[in-house]
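Listed below are the structures to be examined.
Two complexes come next, and they have one chain in common, chain A, joined by chain B in the first and chain C in the second.
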Partner chain A sequence: MKYALLIHGDDSAWVDLPDEEKAALRAEEMPQWISLFEELSKADPGVSGYELDGRSTARVVQVRDGERIVTDGPFAETKEIVGGVFLVDLPDLDEAIRLAALIPTAKHGSIEIRPLQE
Partner chain B sequence: MKFMALIYADESVWETFPDAERQAAYAQYRAFADEAGAAGMLAGGDELAPTRDATTVRVREGETLVTDGPYAEVKEALGGFFVLECGSLDEAVQLAAKIPGAEHGSVEVRPIYVDPAEVQP
Partner chain C sequence: MTVEEAFREEWGHAVAILTRVLRDLELAEDAVQDAFATALERWPRDGTPRNPGAWIVTTARNRAIDRIRRERVFREKAELLARLEELPADEDDVTAIPDERLALVFTCCHPALAAESRIALTLREVGGLSTAEIAHAFLVSEPTMAQRLVRAKRRIRGAGIPFRVPPDHLLPERLPPVLAVLYLVFNEGYAASSGSEHVRADLCDEAIRLGKLLAVLMPDEPEALGLLALMLLQDSRRLARIDSSGELVLLEDQDRSLWDEGRIGEGLRVLERAVSLRRRGPYQLQAAIAAAHVEDRPWSEIATLYDRLVEIDPSPVVQLNRAVAIALSGRVDEGLALVDELDGLGEYHLLHAARADLLRRLDRRAEAAISYRRALELTANDSERRYLEGRLREVS
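After this line comes the complex of A and B, so read on.
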């Protein structure tokens, strides 16, 4: 079964940090991310992942009666937004839960597991 | 540049669609994917199972907490996404407007972050 592991987190504190502090935080969390990538690749060599830019880069597009409406900002008006996703083929939900719990941001955000439609 | 187009729509509407309407919607999505793919502007995409099949995982103080259901109960839920290959955010927004879900739901376009120093799976 293929799953999407959707990473929800509050990026508002993150986006305001100076670049040096971002780099330092990334470096600090990097060993956890690397061990996660190793676990994911072991579970599914074809795993893929995407990290999304912060909320200020988001645009929402709607088409109503043929007219395009574009608004700034993410669709969800919640503090936590989707910050990234892993797509991974796994034997079952238990394995998806085990790997989701290894995502470093599960410690302060939430990981939503959704099966992919065939 | 790669962009993610996140498609949000009201799941309850989809669930009430008769089969013929669903097939028509899938045909529209295929047409979008074919057109964007032929233009070299599509790098991936998937449809997610409905939120009733979601499981949410959090780790707090070393403990894994698992709950049934999506991260947030919302009227319009994330139902799928495309990965777009476009020259700019404006171009990605223009392309995203052609995604069938933009006609009744909302499509959120976000650049995909690329850090050359970062290890990617």
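After this line comes the complex of A and C, so read on.
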């Protein structure tokens, strides 16, 4: 069964950090990401994953009564945004839960598991 | 054996085996349902088969083949039919298939399902209760319950909830929801939350039956045994809890000759076995408390057991019970002070009933009356209302 693992987090604290501090934090988490990638590709060699750019580059498009409305995104009220996604083919939900818990940002954000419709 | 008796014995067993093979709970249930319908036609005419369980599994297998040929698209057909090849066509070979009911229990109680769906599914798939029976037990309409069951089964397939007993490292997080489902069913029967019957014996019996099944399937799991002991010990007082006019009778006023000695003995034996495994848990402690009540131990001992329970389960309801035990052991003021410190139970009728009772014991009648009135506002159960009204008259 195919699952999307949506990585939710609050990027507001992150974007304001100076570049060198960002780099340091990334370096700190990097071994965990590497072992995650190993686990994911062991479970599904065809796994794919993407990191999404921050909220400052996001735009939201709505069409209402035929009119196109484009605003800055994602949604002003929400602090947590989707920062990345993995698409992975797994035997069952328990395995999806196990792998989601290995994503380093699960420690401060949250991972949403969404089965893909067949 | 009649078809009805076979149904109670064999339903969960057959659904579990077919689900294991087909990996589709909905299709498995339909096929087993068909098999029992066939049994209703044939057994009265041809006689009960030698091994009713094996007959049901074999017939369900054949009915599943019919259904797959009729209903499924070509792509699915070949795969599902191939899976059914795993099942022997001959009844005599079916008895060798291992019991899969434990996997069925864990699937029905998977945390990814809503709590109310877990209860309904477990009663339906493992217990074999009809949708109408479950709807009646939980006071919802039959179409609502049918919808709930269908959605839960779709969710199992849609989310990829596995059909298996979780590996050991997952058991600590996966066993508690299973035990909670059984205990909720039991409590719904034991203290019907609304309506005119205070005890719905059929639900208590069903919870105990499932508890025994779990204890057989997990003989080394102390909390599964602890839960069974707890249910047996509480249930032993079922007849004494309600008097001939349907009024609720509190423990201290109960006619002990109405207690079921057989159940008490069984409960104590199961508890002893649980404790001998030497891994303490909340159900074992609650069973120990129930045993202490049955054996008429002093309240100070019961209060000590609650001290230990509060360490593992500091929920407000447990704290309330501990406060009451402390009060009844003679430290009424201390107990009342603990009741008044509790947070988050303002809408819980038993908090106000307990507070009223302690105030009554201290002869603070006016305050007791206020608490009895608050408890009355909050309870929906008729026999509890009558009990509280009686107490209110006493202090007014």
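The rule we apply is simple: the second predicted complex is superposed on the first by the 116 of 118 C-alpha atoms of A that agree within 3 Å, B and C clash if a C-alpha of one lies under 4 Å from a C-alpha of the other, contacts with A are read in each partner's own complex, and residues count from 1 in each chain.
Definition applied: contacts are C-beta pairs under 8 Å (C-beta built on N, C-alpha and C of every residue); 3 or more make two chains touch, one makes a residue touch a chain.
Note that the coordinates shown come from a computational prediction; the quantities given were computed from them, not determined experimentally.
Contacts of A:F86 after superposition on the shared chain: chain B is touched, whereas chain C is not. In the superposition on chain A, A:P115 makes contact with both chain B and chain C. A simple residue count on chain A separates chain B from chain C, and the partner touching more is B. Of the two partner chains placed by the overlay, only chain B lies in contact with A:V63; chain C stays clear of it.
In the superposition on chain A, contact of A:S48 is made with chain B only, not with chain C.
Applying the stated contact rule after C-alpha superposition, one finds that A:A96 touches each of chain B and chain C. Chain A residues in contact with chain B (one complex) as well as with chain C (other complex) are 93, 96, 115, 117. Only residues 2, 4, 6, 8, 26, 30, 33-34, 37, 40-41, 47-53, 57-64, 68, 70, 74-76, 78, 80, 82, 85-87, 93, 96-97, 100-101, 106-107, 109-117 of chain A touch chain B when the two sit together in their complex. Contact residues on chain C toward chain A in their complex (touch as defined above): 110, 112, 158-162, 166, 170.
Those residues of chain A lying in contact with chain C across their complex are 1, 3, 90-94, 96, 115, 117.
Those residues of chain B that touch chain A in the complex are listed here as 2, 4, 6, 8, 44, 46-49, 51, 53-60, 64, 66, 70-72, 74, 76, 78, 80-81, 83, 89, 93, 96-97, 102-103, 105-113, 115, 118-121.
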